[in-house]
Every structure is written in structure tokens, then in C-alpha cells.
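First subunit A sits with subunit B, and in the next complex the same chain sits with subunit C.
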Partner chain A sequence: MKQDAFSKLHPAVNLLFFIGAIAFGVLLQHPVYLLAGVLASGAYYFMLCGRKGMKNILLTIPLFVFITLFNPIVNTRGATVLFTYFDRPYTLEALIYGVVVAATFVLMLLWFGCYGKVLTGDKFTCLFGNLAPSLSLLLVMVFRMIPSLLQKAKQIIGVRSSIGKGITEKSSIKDKLGSGMTVIGVLTSWALEGSITTSDSMRSRGYGTAKRTSFMVYRMTKADWILTAVMLALLGVIIIFAANGGMNAEFLPERNIVPVNRSNIIGFIAYLGYLMIPTVMNIKEAIQWSISESKI
Partner chain B sequence: MKKSNIAMLIVFLALIPLTLFLGDKLPGRGYYITGVLIITELAVPFFMMFEKRKPQARELVVLAVMIALAVIGRVAIPIPHFKAVFAVIMLTGIAFGPEAGFIVGATTAFASNFFYGQGAYMPWQMMAYGAGGMLAGFVFIKNIIPKKPWIMAIFGFLANVFWIGPLLDTSHVFIMMPEISFSSFAASLASGFPVNISQGLSTALMMFIFGKPLLEKLDRVKRKYGMLQSETEAL
Partner chain C sequence: MEHFRIENLSFSYPTSEKKSLDKASLKIGKGEYLVLCGKSGSGKTTLLRHLKTVLTPHGKGSGEIYFNGIALQEVDNREQAAKIGYVMQNPDDQIVTDKVWHELAFGLESLGCDQKTMRSRVAEMACYFGIQDWFHRDVAVLSGGQKQLLNLASIMAMQPEVLILDEPTSQLDPIAASDFLNTVRKINTELGTTVIITEHRLEDIFPYADRAVVMDSGKIIADDTPRNIGKLLFEQNNHMFTAMPTPVRVFYGTNGSGDCPLTVREGRAWLNKEFETEPEIKEIPCKIIGDDIENPALSLKELWFRYEKDTPDILRGVSLEVPSGSISAIVGGNGAGKSTTLKAVCGICKPYRGKIKIFGKPVNKFRSGELFGNCISMLPQDPKSLFVKNKVIDELSEMAKDKNRINEIAEMCQITDLMNNHPYDLSGGEQQRVALAKVLLTEPKILLLDEPTKGMDSFFKETFATILNKLKNQGITVLMVSHDVEFCAKYADRVSMFFDGQVLTTDTPQKFFGGNSFYTTAANRMSRHIFKNAVTAENVVELYRKNKGGAR
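After this line comes the complex of A and B, so read on.
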């Protein structure tokens, strides 16, 4: 699988980035910060997924509209009443707050999408292999078993059709269901019997007799440490400015949004800088690549 | 006192109240973070118990098979909200007990999300799936309630509509709703109700047709190979 520049870093660095991005995406309700979050997560998601990612990003728009319009139905607080229905007010403030809720939701959706692309199963087990060895092993076995079980299911279906018990388009629903149940039953028996062989062979190779070492492909390099330091410094700046109220925004019952001005612009730059780390890394690598290409 | 029990006490008496107290001070939609933290804190003692017991190879592999079957039951059936996943999780709970049910449920949610894409609702999914498996384990413990197909089918339906479904729907309160209130909670539950019914029906159907044969298979493996006993006892 092709990896982007950010995914090549140590998984712990990736995890730290996503924890920070998602946590502050949820905490900061200021419209400017939300916009920055949506744009940064969208940009990175597009880089990771390409054209298919664009389709998913566009799909968030109807969700955005729905959540925005839905919010005033649940939430009736707010001073400016737009109209009433069934004696319930539909207020402007709640509608505006709906935009905030929807933006937070889209931002989380996109960041989690990126998270899924970057922190794949192998990286996750590498991170938590020492902390929870049995659970990590369980997860690794599951990932390995899913394709193997699907292949076994195909074999069973093949065998059944070769002895004249296969199902065709014309089979009745009862036959299809019955055949499906038989296949699942056989598959379960087969998988369970196979699991005994696997576990016996694990035991004979000494599973559980000593501490297991894990297969670590990732090492903290100098670049990883530098980026971790940068990220922690930026997070520190964000926390200082957020604690001083430079990123406050209230919507209900009254709008009260602290404007982004000279006194708190550093906080915003830190936030934007933090969110743009993966995107900037990718752009930097693309430029480097094209330079070295043009030298040839 | 066992280590995991001490951990459980610390979690319930100190960590969760502390999280609630500090989480209340967070700005914005901080309650999402509080929710995630509390679910994690609730799950940690269970996972710790599992780790500390140093499960044997046999147990691990069988659990892995059940998780893989459950994930396939979620991913492979093309009808939305009509999946076999809860039936497999509950049957594991019934056959191997509450703890195995929880582990299989929580791990299934986590593993299947690698196919569906991880989402903000992932902690709630792990909690709900795990709680479903655990409930099945507790309800059918020690053969007090007979494991008849129709009883398991009714249990599967009820557990989906009144236990797993509502637990899953709570995630909407934290993720999509503007505030935590009774009305937003009610709205989440109401919007999730048809999905829960459909999911419950599919689980009931699977339990009815597939419950007994699968339990027999699991029991057979348990008896034939001495599963989930200590390894020396089995030999």
C-alpha cells in the first residue's frame, strides 16, 4: 500500500496528532476555528483518498444541512424566533448553533476518516502490543482469519455445487436460505476444528512460556522526535490561548463570539499550523520529489 | 484482593467521578471527550482481567474465530441494519460466559470498523456490542433459562431493542445533538427505534434458525477438546 509522508512516521506520532486534532475540533466552538478544522481535515482526507475521497467529502454536505436544520427542532432556546410550529419556537440562534454542531460533526467524520487510513490495523497492534499482548494477538488473528474464512466459504460453496447441491438464480428462497445456513454451519465447524490445530501448534511452539516480543517495524527517528516536540509546543500554545478565553464563542441563548484579533491571532496560527502538519508534510515531499525528478 | 478488582474500585470510586468533574469544566462540546473517556475507563478493568488471566492459546484462537465470524456477519450481509453480528456475539456469550461475550463483542466492533471505517461512535459501539455479549452470558448462565431456539430468539429481539440499540443511540446524543438533555436523548432513541427493530428481527431470526446448531457445535468443541478449562486439566 502506498503511504503518504505523514503515515510513514511512527504510529505514536500519528496517534498523538489525531488525539489533538479531534479533541480540539470538539472543544473549540469558534466559527473561525471550526472552519480551519473542516478545511484542514478535508484537505488531508482528499490527499489520502483522492477522487473517491472527494465523493465522500461532498456527501457530508447533505448531512451538514440536515443537522443544521434539525438542531432548532430539538433546541428551542434563543431570542430571535423565526417562526413557530405546534407552539414550539424555531429560533435563529439555535439555527446558527446548528451550523456549529454540524461543522463539528463533519470535522470529526473527516478526521476519523483520515485516522482510519493512517492508523491501520498493523500500526495499532504495534502500538498496543506491549500494553495488551493477548488482545493485540487476538486482533491480529481476527484480521488474518477473515480472508481465510471467506476463502473457506467459497470452497464449501464450490464443493456443494459440484455434488449438485449448489444454488442458482432460479432456486427458491427456501433453498437459498437453507443452503446459506448449511454453508455457515460447515464453515463454523471447520473454523473451530482448525482453531484447535492452530492453538495446539502454538502451544507446541511455546506460546505462553515467555514474554512475547513484538514485530516492530517502526522506530522513533530524529524526525519523529522533532515533530512530537513541535506538536506538543503547538498544543501548549493552543491550550494557553484557549484557557485565556481567546477562542471563546457562545451561541445560546445569546451570540457572544470573541473576534480573532491581534491579541489572540497567535493561538489561531498555532491551531492552523497544528492541523496542517500532515498536509504540509505531503506538499513538501511532493515538491522535493519534483525537484529531484527535474534534476535527472 | 485481586489486582483487577482494585483497578475496578479505583475506576469506579475515583477516576470516573474525577472525569465527570473535570469534563464538566471543558468548553464547547467537551462532553464528547468526557463520554469517550468514561467508556474507556469502564472497559479497561474488563480488558485488564482478560490480560491478567493470561488466556491460553486455545481460548484465544476460538475467540478469534468467533470474532471473525461476527465481523463477517456484519460485513458480508448486504442488507443494511439486518446483520448476523449480534446473533454471533450473543451466542458466544451464551456458550462461553459473560466475559467471553464482552471480549468478543467489543473486539468485533473494533475490528469490523477497520472495514467500515472508524467513526466518532466507535467507543459506544464497542461498549454496546460488548454489553450485548455480556448480557447474553449472564441471562443464560448455569442453564436456569433453557436454551431453546424460540427463547433465544425472543431474548435476541428484546436485547437488541432495549439494550444494545439504546446504548448505540446514546452516541448520537454526544455526537450530533446540540446539548445533553432529556429531549435530545428521546429524539435519538426515537430516530434509532426502527433500526433497532429491524436489527432485532434479524437477530431473532438468526438465533432461531442458527442458535441451536451453533451452540451444539461450540459445546462439542468444548467437550471434545476441553476448551476454556485449564490446559493441564484438558490433557
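After this line comes the complex of A and C, so read on.
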């Protein structure tokens, strides 16, 4: 499987990035910052998933509209009343706040979508292997179990239908339920049976005879360290500006948004720069590749 | 000094009166390659499991086992884990983690090795076993052969002194099996690791083993070099003789003179010596089958199929006719689409082009349920996937109500004394028989078998073939797909070659295997320079007798 430039970094660097991106995505409610977040996450998600990803990105639009319009119905605070219905006010401030909530939600969805693509299960367990070896092993075993159970279920269903015990369009609901229960029953005993072998295999390879260590396939390279330093520096700048109120925005009951101006533009640049790291890395790699290709 | 010394080891499982091990004594030297053979249920696995404390089954036992001169119980588990490697039968269930690299490191992680050691050991093993290419893959996408190789590699990463393998290739196809066994041999010769192995496929390991030990009902009945073991079993008229490599069976079958050959090469040399002048009779008579089959039980025309829209076609114009009341076999490489063909016949896969006719009637004209009610039925590759109940008798009752019929079938499949067992507690061969009985209770006219001999010992293969012949005499049509060329050569009426998504040729086993020079049986490879169409050990013996008049 081809990995994008950012995914090739050490999982710890990946994790640090997502913690920063998601945390500030939620904390900063300033519309300009939200817009930057949505754009950056959308761009990176598109890079990771390609055309399939575009479909998912477009799907967030109706969600965005829905949350925006729905918020004033729940939340009636706000100074400017647009209209009233059933004696309830529908306010402009709540509507704007709805935009903010919706944007935060979309941004989170997109970042978590990227997170799932970049920090796959094995990378995550690898990260925490040393902290909680047993827990991470348990997770790894669950990751392995799910696809194998699904495959076995498929096999059993196929086999059942090849001896005339399968379900067809004409089977009654009772038959379908019964057949489903049978498959689940078989899967359970199959899994139990298999787990005996697995535990034998684990003990036979010394499980529990010593304190477990954890094999790291990933190593922190120079590039990883440099990027970590850059990320930490940017996060520092963002925090300083945020603490000084340069990114404040209040919506309810009254709008009070600090404008982006010369005094706090550096904070915004730092934030945007931080979010664009994966995208920029990918673009850089693509350019480098095409240059080296043209030399061949 | 010997590696293992087993003294008077007896053992019985708590639920059984029978002794699984009966005063077994054995010495295993350092760097030896030892084959342990015996029928299923003769106590091989029980003996092997005693060689590692954590795997030792619960039950009553007596006797002593010494590892490097120290009583095994005294050796701590950590040392045992590192020094005694144990590979089990099922490739899938032995794997613990979800990634290849993680599995390779699992043992080292358990032993608490540091990063540096782990790194070099894992790298070393990945290279030695040729795993680099799939190092980062998910375990789920590996083939059975790759999985078993991974199991072996992850144990070798701990650098064991002894490697114990319990029927490691029983779930693999012949090519993967032979690759695996070659790797084991390489480990033994290049690293000097002591190897103790039980195996049904003796053809591949017998010639290379230093010593063969034969077990029967918990007793060690023979312990000698492979060459002598062949002689001993033949003289005792032991049923294990059927498991011997083809050259050995031919040699004793013909009452030959000289040294007993073990490999095909030795077999050829021996036949050369026996027939210095060309023999008069070079062929055994066999039927010629025509291309036209009247009223075929099953006819496939130009089937095309692929699993997903944008994956390559698996079936690329499969055409095949199966005459009724015969045993037909389809052989061919792994993943060629043999099993998919059977699935297409059963309607598990729907071909997007082509016609399937069953007894002249297109398969889509069958009403639902009609196809499987006494018409067609399939025995799956893994008999376990058929079992849904807690008792064998319940399994059978699920398929039919008629008590007499159940008893009849159970009798035929020889499972009458297993009726109250849990299907999972049975041995592989027994499971296969129960599964067959269950399938037969649908009263099929066409029986489809998917790799029926996988994991069977040679003794049970014969029983199985007898059952198939009985079915054939009752007029049932049998179509099997198999890797087992020896079995197909011996028992099938017609053999078809599957290649590149198509059935290429169909012929009698004599003609089919007699014409091939690589994809053929050991008997044919051994005798093809003298005889024209001898494809089984029996064929060779028959021709030998005809030429030499039966006696020397």
C-alpha cells in the first residue's frame, strides 16, 4: 500500500500533529481560524483518499447546513431576533453560532478521518506498547480477530448454502433469524477453539515469563525530530497568541469577534502553517519526485 | 550428549481409560532429524506435547523426560520457551498479532529482549525465510503456506536448539508443503537445529531424516533408519506401510533385490538395474475415453466469473462435462480457480457468462431448495465449517429425520461409535467422515468434494476411497478438486487439468499423468523411462510382475 509523505513519519509525530490540530480545532471558535481548519483538513483528507474522499467531503455540506439551521431552534439566546415561531425567537446570533458549531463538527470529522488513515491500529498500539504492553497486545489481538471472524462467517454461510441449509429470498424471517443464530453459534465455538491454540502458541513462545518489551518498527529519524521541533514551536506561538486573547470570539448573547489584524496575524500564520504541514509535505514530495523523474 | 531422553513415559487423558502413551522411551541426539510417524490417534501429538512443559496435557502420567540431561520440569519456562520451538498444525490459530513484523517479534517481546537484539534478529529471520517482501503486510492477507512459514520464522527468531513440528503441513497444498519441509531441512543442515517432526507426507522427508520412529497405540514399535523402517513395516505387514514413499512400496511390492530405494532418483536407478534390457510389456491396458459424453450429470459451458468488478477474471471460459456415475477429479495449481468452479456449480458464486446444466437442466431453472434436496451437495475444504451442533448425532439429525437412513450412512462412513462426541473433539480424519455423512444425508446425486484428502493420513485415505467407490457403485457422480495427484491417479476415473481459468485437458489418470513429466505422481516419475503409463505404485508393481512372471 502506498503511503503519503506524512504517514511515513514516526507515529509519535503523527499523533502529536493530530492532538494539536484537533484540540485547537475545538478550542478556537474564531470564524477565520475555523475556516482555515476546515480547508486544511479537507485538503489533507482529499490527498489521503482521492476521489472517494471527495464524495465524503461533499457529504459534510448537508450536515453543515443542517446543524447551522438547527442550532437556533435549540438555542434561543441572542440579541437580534430574526423571526418568532410558536412564541420562540429565532436569533441571528444563534444562527451564526450554529455555523461555528457546524464548522467545528465538520472539521473534527475530517481530522478524525485523516487520523484513521494515518495512524492505523498497528501504529497506535506500537506507540503505547511500552506503556501498557498487555493492553496493547489485547488490542492487537482484537484487530486480528475481527477480519478473521468475518471471513469465517462468510465461509460458513457459503458452506451452509451448498448443502441446502442456506437462506434464499423466499425464506421466512424466522428461518433467516435461525440461520443467523446458527452462524453466530458456530463462530463462537470456532473462536473459542482457536483461542486455545492461540494461547498455547503464546505460552510456548514465552508469554508471561518475563516483562514484555515492545518491538518498534518505526525509528525517530532526523526529519522526525526536526518536524517535531517545528510543530512544538508553532504550537507555542499559537498558545501565546491565544492566551493574549488574539483569537477570541464570542457569539452569545452578543457577537464579539476579535478581528485579525497586524497585532495578531502571526498567530494566524502559525496556526495555518501548523495545519498545512501534511499537505505541504505531500506537495513537496510530489514536486521533488517530478524533478528527479525529469532528470532520469 | 543427547538432547532429549524420554524414559518409560506413560500417559492417559482424564476422560479415557486408554493409555495414549504406553511406556515410551526415546533418545534424541543433538542435531538429529527425527521423523515420528504413525496413524492418527497413535499418540504422536501427545508425545510431542510432553516435550514442552507449558504444552503438556493434563492427565495421569508417569515416566521421566530429560532435556540436556536435566529433568524437564526443572528447566524454567523462560529457558524452555527460547530453546524448544514448537510449531503446531493450524497455521491460522497459532498467529497472535495482526502484522507480519509484529508476529516475528512476538517471542522476543515475550522474553523481554531489548530493541537492538530484536531488530537484528527480526531482520535476520525475515531475510533467511524470504519474508522481506511481505514484512509490513497484514497477517490476514497471507496464504496458508506463508502463514506457516511465518510461524516457523517467529519461532526461529528465538534461536531454539530444538524444533518440534506437529504435522505442520497438513493444512497446506503440496507445493507450499514441500517448500516448508525444505526450509525445515535447511534449518537442520545449515544451523544444526535438532528437528523432531510428525508428518503424513513422508515422501518429502523420509529420505532426508536420520531416524524414523513409528508409534502405534501409544507404544514406540520401531526406531531405526528410514531404510530399515520400510523393511520392518513391510515384514510386520503394518498398516503404516501404506504411508511409505512410493519407491519403498514398489520395492517391497515387487520383492525386489538390492538396496531399497528411498527417492525417485534411487528408484529410477534401481529400475534400470532390474530391467537392463527393455521389458516386453510397457503399458497397462486402460480405457480410452471419448470426447462425447451421453447425458452428462453435470455440464459446464464457457463459465466466466470474477469476484469483484475490477479484479481479474478467475474463471475464463470453463467448460467441463462430467459423466454420471463416475469419479472425476480436477487438478491444478493453487488459486487457479478450481474451488471457485465448484462454488459456481453450487450457486455460491454466480458466473456472469456461461451455462451450467445439471442432468441436462439449466441450473437457474431449478426452484430454490430443489437443487440441494437430493440433487447436488458439496463437502467443503474445512469440514469444521459444516458443524453447528454439540454432538455428532445432532449434526446428522439436522439433515434428515429418518433414523434408519442416518444409521445406514453412519455405518458406511464408519462413525457409529462417535455419535455422542463433540465434533470438535474428533481427529481430522474423523471430522472429515462426519462431514461426509452429513453431506450424504442430503441424498445427493452429484457429490462435490473440495480438497477431500487435505490433512488425511494415508491409512484413512484408503478408507475414504472405499467409501467413494461405494457411492459410485450406487450411481452417485463424484466431482472433486484436489492437489493430491497420488490420490487422483489411484482412484479417479477421469482427471482434468485446470490452468489459467480453464479446464485444459481431460483424460484417464493413466493417460493424463503418463503424458506429464513434472505434474505427475512419484510412481510415474520413477518409472517413466521404462514403463509408459504406470502412475501408481500398484501399476509399477503390476507391470514388473507381468514382465518378470511374478517371481524372480
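By definition in this document, the second predicted complex is superposed on the first by the 289 of 296 C-alpha atoms of A that agree within 3 Å, B and C clash if a C-alpha of one lies under 4 Å from a C-alpha of the other, contacts with A are read in each partner's own complex, and residues count from 1 in each chain.
Just so it is clear, a contact is a pair of C-beta atoms (placed from the backbone, for glycine too) under 8 Å apart; a residue touches a chain by one contact, two chains touch by 3 or more.
Predicted model only: the values in this text are computed from it and were never measured.
With subunit A as the common reference, subunit B sits beside subunit C without any clash. Shared-chain residue A:Q155: touches subunit C; no touch with subunit B. Once the two complexes are laid over each other on the shared chain, residue contacts for A:T168 go to subunit C alone; subunit B is not touched.
Legend: residue contacts after superposition of the two complexes on their common chain; A:V26 is shown touching subunit B, with no touch to subunit C. Of the two partner chains placed around the shared chain by superposition, subunit C is the only one that A:D122 touches, whereas subunit B remains out of contact. For the combined model, the angle formed at the CA centre of subunit A by lines to the CA centres of subunit B and subunit C equals 70 degrees after rounding to the nearest 10.
Of the two partner chains placed by superposition, subunit B and subunit C are both touched by A:E193. Looking at the shared chain after the overlay, A:Y85 reaches neither subunit B nor subunit C. After overlaying the two complexes on the shared chain, residue contacts for A:R212 are found with subunit C alone; subunit B is out of touch. Of the two partner chains placed around the shared chain by superposition, subunit B is the only one that A:A242 touches, whereas subunit C remains out of contact. With chain A used as the common frame, subunit B approaches subunit C to a shortest CA-CA distance of 7 Å.
Subunit A uses residues 121, 133, 137, 141, 143, 185, 189, 193-195, 198, 200, 202-203, 207-208 to touch subunit B in one structure and subunit C in the other. Residues of subunit C that touch subunit A in their complex: 52, 54-55, 76-78, 81-82, 86, 88, 90, 92-99, 101-102, 105-115, 118-119, 122, 136, 138-140, 151, 154-155, 158, 343, 346-348, 368-369, 371-373, 377-378, 380, 382, 384-388, 398-399, 424, 438-439, 442, 448. Residues of subunit B touching subunit A in their complex: 26-30, 32-33, 47, 50-51, 54-58, 60-65, 67-69, 71-72, 76, 103, 107, 110-111, 113-114, 117-120, 122, 175-179, 181, 183-184, 187, 209-210, 213-214, 217-218, 221, 225, 231. Subunit A makes touch with subunit C in their complex at residues 121-122, 133, 137, 140-141, 143-144, 147-148, 151-152, 155-156, 158-159, 161-165, 168-170, 182, 185-186, 189-190, 193-195, 197-198, 200-217. Against subunit B, the residues of subunit A that register as touching in their complex are 22-23, 26-29, 67, 71, 73-75, 94, 97-98, 101, 104-105, 108-109, 112-113, 115-116, 120-121, 132-135, 137-139, 141-143, 145-146, 149-150, 177, 181, 184-185, 187-189, 191-196, 198-200, 202-203, 207-208, 242, 248, 252.
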